[in-house]
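Chains here go by letter, A, B, C and D, matching the order in which they are written, and residues are numbered from 1 within each.
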Amino acid sequence: MSKLCTLSEAVSRLIHDGDTVYLAGFTHLIPFAVGHEIIRQGKKDLTLARATPDLIYDQMAAAGCARKIIFSYMGNPGVGSLKVLRRLLEAGKLEWEEYSHFGMITRLQAGASGLPFLPMNPTAAPDLERVNPNYRRLRDPYTGREVVVLPPLHPDVAVVHVQRADVHGNAQIWGILGEQKEAAFAAGRVIVTAEEIVAEEVIRSDPNRTIIPEFIVDAVCHVPYCAHPSYTQGYYDRDNAFYLEWDRISESDEAVQEYLKEWVYGVRDRAEYWEKLGEETHRRLAVPPRYAAPVNYGEY
Amino acid sequence: MDNTAYTSSELMIINAARLLRDGDVVFVGVGIPNLACNLARRTHAPNLYMIYEAGVIGARPNRLPLSIGDPTLVSGAAAVCSMYDIFTLYLQRGNVDVGFLGGAQIDRFGNINATVIGDYAHPKVRLPGSGGSMEIAAWANRCYIMTPHQKRRFPERVDFHTSAGFLSGKGERAASGVRGKGPQAVVTNLGILEPDESGELILTALHPGATVEMARENTGWALKVADSLRITEPPTPEELRILREELDPQGIYR
Amino acid sequence: MSKLCTLSEAVSRLIHDGDTVYLAGFTHLIPFAVGHEIIRQGKKDLTLARATPDLIYDQMAAAGCARKIIFSYMGNPGVGSLKVLRRLLEAGKLEWEEYSHFGMITRLQAGASGLPFLPMNPTAAPDLERVNPNYRRLRDPYTGREVVVLPPLHPDVAVVHVQRADVHGNAQIWGILGEQKEAAFAAGRVIVTAEEIVAEEVIRSDPNRTIIPEFIVDAVCHVPYCAHPSYTQGYYDRDNAFYLEWDRISESDEAVQEYLKEWVYGVRDRAEYWEKLGEETHRRLAVPPRYAAPVNYGEY
Amino acid sequence: MDNTAYTSSELMIINAARLLRDGDVVFVGVGIPNLACNLARRTHAPNLYMIYEAGVIGARPNRLPLSIGDPTLVSGAAAVCSMYDIFTLYLQRGNVDVGFLGGAQIDRFGNINATVIGDYAHPKVRLPGSGGSMEIAAWANRCYIMTPHQKRRFPERVDFHTSAGFLSGKGERAASGVRGKGPQAVVTNLGILEPDESGELILTALHPGATVEMARENTGWALKVADSLRITEPPTPEELRILREELDPQGIYR
């Protein structure tokens, strides 16, 4: 059964006001196009969960989509602060819930695994445990020592961008894997966006590469360049210049609204956005090929 | 190229690089820790093994990575794994020798604040938060910190305890059950602080030209000085050449 | 640093009498050649751990290498019983420790993760918990419900057979993954055997395919056909005929000793064993190629 | 081909296949459960999704797999994952609709023994043990059992409780917190047993030619008969053709 639909349809049908959404990806494959579509559709009161909110949650918060943020590192990766989120937090205008990376990923792993909690070794840094009541302690029944535990995170919706998927939703990623698999299995609904929609035979020629199987996927959308200014390994480079530019834009709320007006509200979809970026940017982000060595599965 | 002059960053990078040992498995951050590791690899530690919290193992970047998840870290790496795997199989399992840490505040006992200045619930300055550092500080066998030497960065006590140094002393850390030995050195632009037997950071080295007074003036606690206080070797022309010509030709981190 | 050595050297140097050894692989990639070398070297008092002991632990037990077995399914996969182990257990001549598959794999995952225990949802089947004191119960601090927990398993040595590895020990597997990664990270020492030793550049052309990184590996051995009568995906087929034949051989201790004499003690190494199998078997187990679709990592 | 005669195995496979629903995600074992699934896929359930405890997802085997880890399951599959993943992300997370179970003993309440006949510490007959079944029985939404109808296989109580049916009744299973609904049917060569409201297995269907007396004689407890006892449809020529010509041309499982 094909689950192929437009991104606009998928966001409209599967993301509701008040949902907890997890736009997955650790620096790599961040689904910016989906964040922009959520902004265009005016979704409200979302809880935005992500280990690293990155620019996309800065933008979604600035657009008024967010009630709360769940995170483990709120920075502009390689640059500095996420200034929109920082201002909202310092002004008391956004709820938040905070973990370390490992804590955040442990919550997703527990959610993906259907487990009521997962343990972590203690870190001797008690303050996050003190301010976040989701952290609890248990005694290891074998050694008597204490472990720290966290409960599962079950986002209402996970969004995962991938290099290639088939129309059923079988999805393959290479390069940095982040928490995509865990977010998808932890979530109630899953939207897969892909640089390429390929024949089922392509996916099935390399089953070990598949991160997400079709039967947990609700919608498959063909969205080339979905991740810009983040990147897709082998398809285009990270736009480091834009990450630096955002540091300047996000200095003021006015400049941020100006940006949203031009680059989010002012374009219909990702195709128009990519077109608008222009050929010089396309050239700058293009990447020469470097292929993996062949792998033979055998015809059994 | 002027080999006699160098920046504070270069000084810190070069001195941090010298602390790394051949064969170390290092949990690398971007920016100056990345440069320190690559410098060590090209000088005395050719078998240094670099892993990244994004899940990249044995990276050999062709260009200077500008984020922790730069695609140049992946192409040509030995392995890529999930974030859950990197924090469990690698870090928690004890497969990481060295971690680099940073933060807005580092206190007398090497505890780090990367979370908030002021009250947590009503932040005066909201910082990025832990990221990987809470676990790196606890589980890497050794940790190093690089930071400019400034009084506001070296308070007597941190406002928020994001990651563990020696808590209120080495005994307390040992009793906590964490496997790592804690911060082994703080490299600043003035010199190097190292923990004494109690876990208190004391001045053990000065860079050429820096003085004990300069270090004391820029530290928020009554800084003790080691009996064996030494002067670090100045950066060599070769170290500077590698850093400037090979690793950061655009001078992004100078 | 190259860790390449002969299998005989690796077994002699890294496996000691009394060790707990984990020869990894779920049906796929079972390192039979290593089991045979352990038998030839007369290792004693081993604890043999494996989810599915398969024929190899039947053979090692018959050769007198084993003091104890740790397992979760003691069958000849697709055929029936493991008759040597069954006879030893029924006669009280071999210690054992038993889990379900998930329990066994949970112990390895905890060991690989450096965690003191991992939880599992209850199964309402209490008897294994009753007879194996490693199973404990904890109360989930969030819901008050009980979970079942198991402690880590840390084999002294894990042996992992792979399709290809470099001389440093970076190892890649495709096809069924079983518990290879978990066994390697859980163990104190790791022996990698490989169908092919390839240039580092081959491994590094596809880093997402690497299951085991060099720095946890102690020895790398080039052992083509290591897995026969098990198989290596893409390299040769499973020898189902031999699995059936073992069902007959293992009816009697005499026939088993006869087999060991001819096929284990009677050959010097795996190359001689493979040669002895003969061309008809080689032809029967050959497999036509079926390649994975290309993957582009990009030259960054 | 003689389409009027069929073996006990064929009868069980065909009747088990009919219990599967289009779109079911099935945790498949090798042997007759595998044949039942593939038959269902080729008849009324083209979207049946087969996953294997070896970590293979969406297999489309070209030949009859002879072990749970046959390479033909992998070539052309949708995905392969580790054993830990299959038991957590798939089974424990609730992504499995149907599991197949088997064992040496199945008792009145559908509890299964696949571990030992006699005392655990001093086994009279040592069986293979749980494998995946302890968790499949608990977490798959529905379970089916295929077994020859013999008194020794259907005792009043199992010697060892390898995997859970309804324990001593449906209430006890519900209270245990397991997510699966337990065994929904036991398909034998004589007919089909299904749990009543209490969880006791009762005779709900007979295959053509079998009688209630035959079923009672071959059951170790006082077998109840459903008011609505029905006769199963005999295997159709098409079912037999697919089974014999396409799925098991060598007749390995006849």
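The working rule: a residue touches a chain if its C-beta (ideal position, glycine included) is under 8 Å from a C-beta of that chain, and two chains touch if they have at least 3 such contacts.
Model, not experiment: these values are computed from the prediction.
Engineer: Name, by label, each chain that touches both members of the pair chain B and chain C.
Structural biologist: Chains touching both chain B and chain C: A.
Engineer: If I rank C-D and A-D by number of C-beta contact pairs, which comes first?
Structural biologist: Counting C-beta pairs in contact for C-D and A-D gives the edge to C-D.
Engineer: Report the inter-chain centroid distance for chain C and chain D in whole angstrom, where each centroid is the mean of the CA atoms.
Structural biologist: 28
Engineer: I'd like to verify one number: the distance from the centre of chain A to the centre of chain D, where each centre is the average of its C-alpha atoms, in whole angstrom.
Structural biologist: Here the centre of chain D sits 40 Å away from the centre of chain A.
Engineer: Determine the centre-to-centre distance between chain B and chain D, using the mean Cα coordinates as centres, and give it in whole Å.
Structural biologist: One centre to the other, that is 58 Å.
Engineer: Using mean C-alpha positions as chain centres, tell me how far chain A is from chain C in Å, no decimals.
Structural biologist: 37
Engineer: Would you please write down the residue numbers of chain A that are in contact with two or more other chains?
Structural biologist: 114-115, 120-121, 145, 174-175, 177, 181, 208, 233, 237, 287, 290, 297-300
Engineer: On chain D, where are the residues touching two or more other chains?
Structural biologist: 56, 70-71, 74-75, 80, 92, 139
Engineer: Looking at which chains touch which, would you call it a line, ring, star, complete or other?
Structural biologist: Drawn as a graph, the chains match no named shape, so other.
Engineer: Throw together a list of every chain pair that touches.
Structural biologist: Here the touching pairs of chains are A-B, A-C, A-D, B-C, C-D.
Engineer: In the complex, go through chain B and note every residue touching chain C.
Structural biologist: For this pair, the touching residues of chain B are 25, 47, 49, 56-58, 60, 62-63, 70-72, 74-80, 88-89, 92-95, 139.
Engineer: Can you check the complex and tell me which residues of chain C touch chain D?
Structural biologist: 26-28, 51-52, 71-75, 77-78, 81-82, 86, 89-90, 92, 98-103, 105-106, 108-109, 120-128, 131, 145-146, 174-179, 181-182, 231, 233, 237-238, 240, 243, 287, 290
Engineer: Enumerate the contact residues on chain C facing chain A in the complex.
Structural biologist: Spelled out, the residues of chain C in touch with chain A are 114-121, 136, 138, 140-143, 145, 147, 149, 151, 173-175, 177, 198, 202, 205-206, 208-209, 233-235, 237, 287-300.
Engineer: Which part of chain C faces chain B closely enough to touch in the complex?
Structural biologist: The contact residues of chain C facing chain B are 1, 112-115, 168, 170, 181, 185, 203-204, 207-208, 210-211, 213-216, 297-300.
Engineer: Quick one: which bits of chain B touch chain A in the complex? Just the residue numbers, please.
Structural biologist: Interface residues on chain B, with respect to chain A: 30-31, 53-56, 66-71, 73-75, 80-84, 87, 91-92, 111, 115, 120-135, 137-139, 160-164, 167, 172-173, 176-179.
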